[in-house]
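Quick one: structure below, then a few questions.
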Amino acid sequence: MTALAQSRPAVVFRTDRPFWRRNISLTIVLYVVLALGSLVFVYPFLWMLATSLRSLAGVGSSGASVLPREFLWDNYSRAITSFPFWRYALNSVLTTLIPIVGTVLSCSLAGFAFARLRVRFSGVVFAVVLATMLLPGEVTMVPQFMLFNNLGMIDTLYPLILPAFFGSPFYIFLFRQFFARMPAELADAAVVDGCGWFKTFWLVYLPLARPAVVAVSILLFMGYWNNFLGPAIYINSDQWKTLPLALAGFQSVNGTDTPLLMATSVLITLPCVVLFFAAQKHITNGITFTGGR
Amino acid sequence: MKLSYRLLPAAAALLLAAGCATGSQPASNDSGGSGGSADITFSFWGTNSEAASLKAIAAAFEQANPGTKVTTNWIQSDYEQKIQTSIAGGTQSTVMEISNTSLAGFAPSFAEQQVDPGKFVQPNISSALQFQGKYYAMPFAAKPKVMAINVDTFKAAGVPLPSATTPLTLDEFKAIAAKLSHGDGKARVFGSSNLWYRGWLTAAGGGYYNADASRCTFGDETGVKTAQYVVDLQKDRYAPTSLDIQGQDQAQWFAAGRLATFSDFGPWTVADFAKISKPAWTLVPVPGKGFPMEVDGLAISKKATSKQLETAKKFVEFAGTQQVAQDKLIQGNTALGVPIIAASTPTLEKVLPAERNLAAFTTALKNGVVGVSVAREAQISGDADKGMTSYTALGSGKDDVAKVLPRLAAKCTDALKQQ
Amino acid sequence: MNPTIGWIRNLAASWGVPDVLVPLVPFLLLLIALYAVIGLAAYGAKRKWPRADKTIAFWLFVSPWLIGFAIFTVGPMASSIYVSLTSWDLITPPKFVGLANYSEAFQDPRVAQALKVTLLYGLISVPLQTALAFLVAMLLNAELPGMRFFRTVWYLPSLVSGVAQMVLFLWVFNPRYGLANDVLGKFGITGPGWFNDASWALPTVILMSLWTVGGAMVIYLAGLKDVPSNLYEAAALDGAGPLRLFWHVTLPQMSPIILFNALTGIIGALQIFTQGFIANGGPKDSLLFFVYYLYDNAFQNFRMGYASALAWVLFAVILALTAVTARGSSFAVYYETELSGRRKRRRTR
């Protein structure tokens, strides 16, 4: 079925003997390098957490220290109350979850069509889809703004939600690769049973595509949650702001309050972290599909 | 398959149609609110506390006029850009807060108003919101600046306290700052707070623009001299640089005794300082001619329906001239601005005990210098400021102000001419 | 707003459609009308050519993308060409100026600066990120306990992205109070101005981008595990040492993934915006990324025509780069699958 890497993982150099047990010194070096690297990597984030719990005075004097001497949880409650945090969170959720549904539906549909429905011109259309992947979104930024202006959708969430329902070349490509690897016999069996193509897609292929759907959804979540350019262009008023946009405007509202700023950043990052830990397995499994092979 | 041949031309037609449909038509506007209703929308900017004042004024208006709704829209950053985008998209609010410096750029989108200069404390206030001789916004708050001084530090150094009513000269200020600075490294006490170049330029008698807004003047002799003044004070470490205060809260520094004076003190700063009981502090006028005084007004969209126009006019009148509303500029111990009607002046002065001398605001209000209004002001001055902070020691650069400022001023003048 | 659209909206509002949904109505109506036409066409086609099931299904399934392509890509691109030939501030009607915007773009020193900054960033940070991600993936590929923990730790930082990442690292690299200079200070080194120093700003952003290699690393890790072990065995039997194994087995097998990621990485890097916005272009325009400059011209200076011309300049640059990379890739990449649908050789495991 699907190519999960369940075989013995390829040992890097030799396969005749347990390499790492033979070269203890090399193993130790490896661990040290990894540990040091991890420390360097993770340090800024521990520091972010530590700073978010400090007071204003403590921020200037603590320097690089990550050990929290203060625990001002109050910073977090202030972060939530100093601006309409829940309203912004709701907007972020809306502009994340709804587009995920839209993207998954439209891209899986198109990907299936390119993989299984080989008709005349399907190759040409697919080539166009791929070519669009190279298109920078910014070429269409200004005229899309005018389009939404004419539609009267400026200062609403719609410009951030609607385009998702019309497919995105990268994910069409992903789904297409995924569906292409599934056996063709499934389709033949369904057709013999009298299913139309849509039913074949909806009842047979899509349920089997669950790993890909989950992986794609998680990737999409990270992307949409942190999206900044879209809201920066389309959102003017307070009630439709998303969290990243609010964070960018933070200093005009709260002045220079670094611990509060850090606390807000932590809160905004939290959903992605939680999602990561909850869905780790799916991410690593699903990555196999994004490998481009 | 024949079917594909049939559908391709249809697809092509669709693409062409879509292309035409997205066409570049100028926005045809209709202002917020469904037809026939007298409810209005109100956009403004500000920090938390400032927003609280404006929301309170809106609520007071609703109370005084039952059945009318004022929906507030707090735009927290890039205010002028957002307003312009909303005007272009036809989604602008009925009433919009506007500062006197930006009025020129937006006047064509605002409805003309009738303003009675006699109602306000000084004529500068209403004339600040005129454009080509007509009023385009009703003033409702002024933001003069004063200077806070650390009384204890002055006494400890044996320096006489500055007068509560007469401003120091710039040279006197420099001498005082020198005397009051001491210490090293992270514990250094500075005689002055971080110096806002534009403010000090006005104090020295200069400005960013000339009187008829045809030229940028910060590259002139006064401009360069003031820039050098700021750079010298920073070089001698009498005032912290912008790098020193990045990510820091100067009010907190003042409370910790690290700043002997704090010069960019506006009405909203009262809140941060109210909780400071030690060291003892008081307010004095800003040296020289003082910092530019911003006058904020309420403008009405040109595209408001007649019912909305009526409500909007009542609202701006209420906010600018009624004591009930003007008093609400002061919330708790912070103020969005200084009230501009005589009746509300005591309200501000009473917020803190007399030795804090909040009356300095009233003096500053009477003498305040109002800046020239220019279209796209935020953009033009923003670019100029960015150049200054990038290239010269006013920010993080190292180049000579005498060379850089005239160059930037020339660029700025070009931008002005592009209006 | 288009007057017809405005009329539809008022109609909808007067029918009691909730305010939040009113802007959606004209668009929905347009879609419904479109799909009514499509549905009729499909029905008619089915009647006339009963065996054309597959074709009809194909076009129906692809229709959302096709419609989106027309409305959100082709249409805007077409009108973008027109707008780039005008001078327009959104409020007053556009004024035709011919190729003036393009000639201004070629003479504008800030355009050159923006291209320089963006290209430097793309061409330096992507190879660096790729190398680092690959290196780490190779290390983590070892069959040792605790690798999962390290993998999590290396992936976690990539979750902080966009505005939050920039905000954090602005503070990390604060010259007076930040983490970086504090650590350097402990070694007796006076740290540079990082984001505040024009010559350090871009390297700082490149450095910052290395924190997010977690995503690419996980992809390479999965790819490494996918390399068939029999290839290694066979090569080792032939006497290949670790270095030759890497060069002749690992790299070629990984090359499609690496290329794919590098290509999408470069395209993504050329479109970087958030960092430029938060840093406001950086000191002396050292962080004037192209898309930020575009945004600045369009939505802060309200010069729609000039911004549109700039967008086409960017498009040309990306096209050129992609062409170059594609040509170069045919020398370096070993492909097993193709797009024309030939069945992949089934591998025994």
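A few notes on this one:
Residue numbering begins at 1 within each chain, and the chains themselves are lettered A, B and C in the order written.
By definition in this document, contacts are C-beta pairs under 8 Å (C-beta built on N, C-alpha and C of every residue); 3 or more make two chains touch, one makes a residue touch a chain.
Computed from a prediction, not measured in an experiment: that's the story for all the values here.
Taken pairwise by the contact criterion, the protein chains are fully connected, each one touching every other.
A comparison of the B-C and A-C interfaces places the larger number of contacting C-beta pairs at A-C. In whole angstrom, the spacing between the mean C-alpha positions of chain A and chain B is 39.
Once the centre of each chain is set as its mean CA position, chain B and chain C turn out to be 38 Å apart. In terms of their C-alpha centroids, the spacing between chain A and chain C amounts to 13 Å. Counting only residues that touch two or more partner chains, chain A has 59-60, 119-120, 143, 146-147, 149-150, 152, 248, 258.
Listed for chain B are residues 1, 4, 21-25, 27, 78, 85, 88-90, 247-248, each touching two or more other chains. Within chain C, contacts with two or more other chains are made by residues 1-2, 6, 55, 66-67, 69, 71, 75-76, 79, 83, 90, 171, 177, 299.
The touching residues of chain C, when paired with chain A in their complex, are 1-2, 5-6, 9, 23-24, 26-27, 53-55, 57-58, 60-62, 64-69, 71-73, 75-77, 79-80, 83, 90, 136, 138-144, 146, 150, 152-157, 159-164, 167-169, 171-172, 177, 179, 182-183, 185-186, 211, 218-219, 221-229, 232-233, 236, 242, 245, 256-257, 260-261, 264, 267, 270-271, 273-274, 277-278, 291, 294-295, 298-299, 304, 307-308, 311-312, 314-315, 318-319, 322, 336-337, 339-341, 344, 349.
Put simply, chain B touches chain C in their complex at residues 1-4, 6-7, 10-11, 14-15, 18-30, 34-35, 78, 81, 84-85, 87-90, 109, 243-244, 246-248, 376, 379, 386, 389-391, 395-397.
Every residue of chain A that touches chain B in the complex is listed here, in rising order: 56-57, 59-61, 82-83, 119-121, 143, 146-147, 149-150, 152, 154-155, 236-239, 241, 246, 248-249, 252-258.
The touching residues of chain B, when paired with chain A in their complex, are 1, 4, 8, 21-25, 27, 43, 45, 47-48, 73-78, 82-83, 85-86, 88-91, 186, 245, 247-249, 252, 256. Residues of chain C touching chain B in their complex: 1-3, 6, 10, 13-14, 19, 41, 45, 49, 52, 55-56, 59, 66-67, 69-71, 74-76, 78-79, 82-83, 86, 88, 90-94, 171, 174-178, 193, 196-198, 280-281, 283-285, 299-302.
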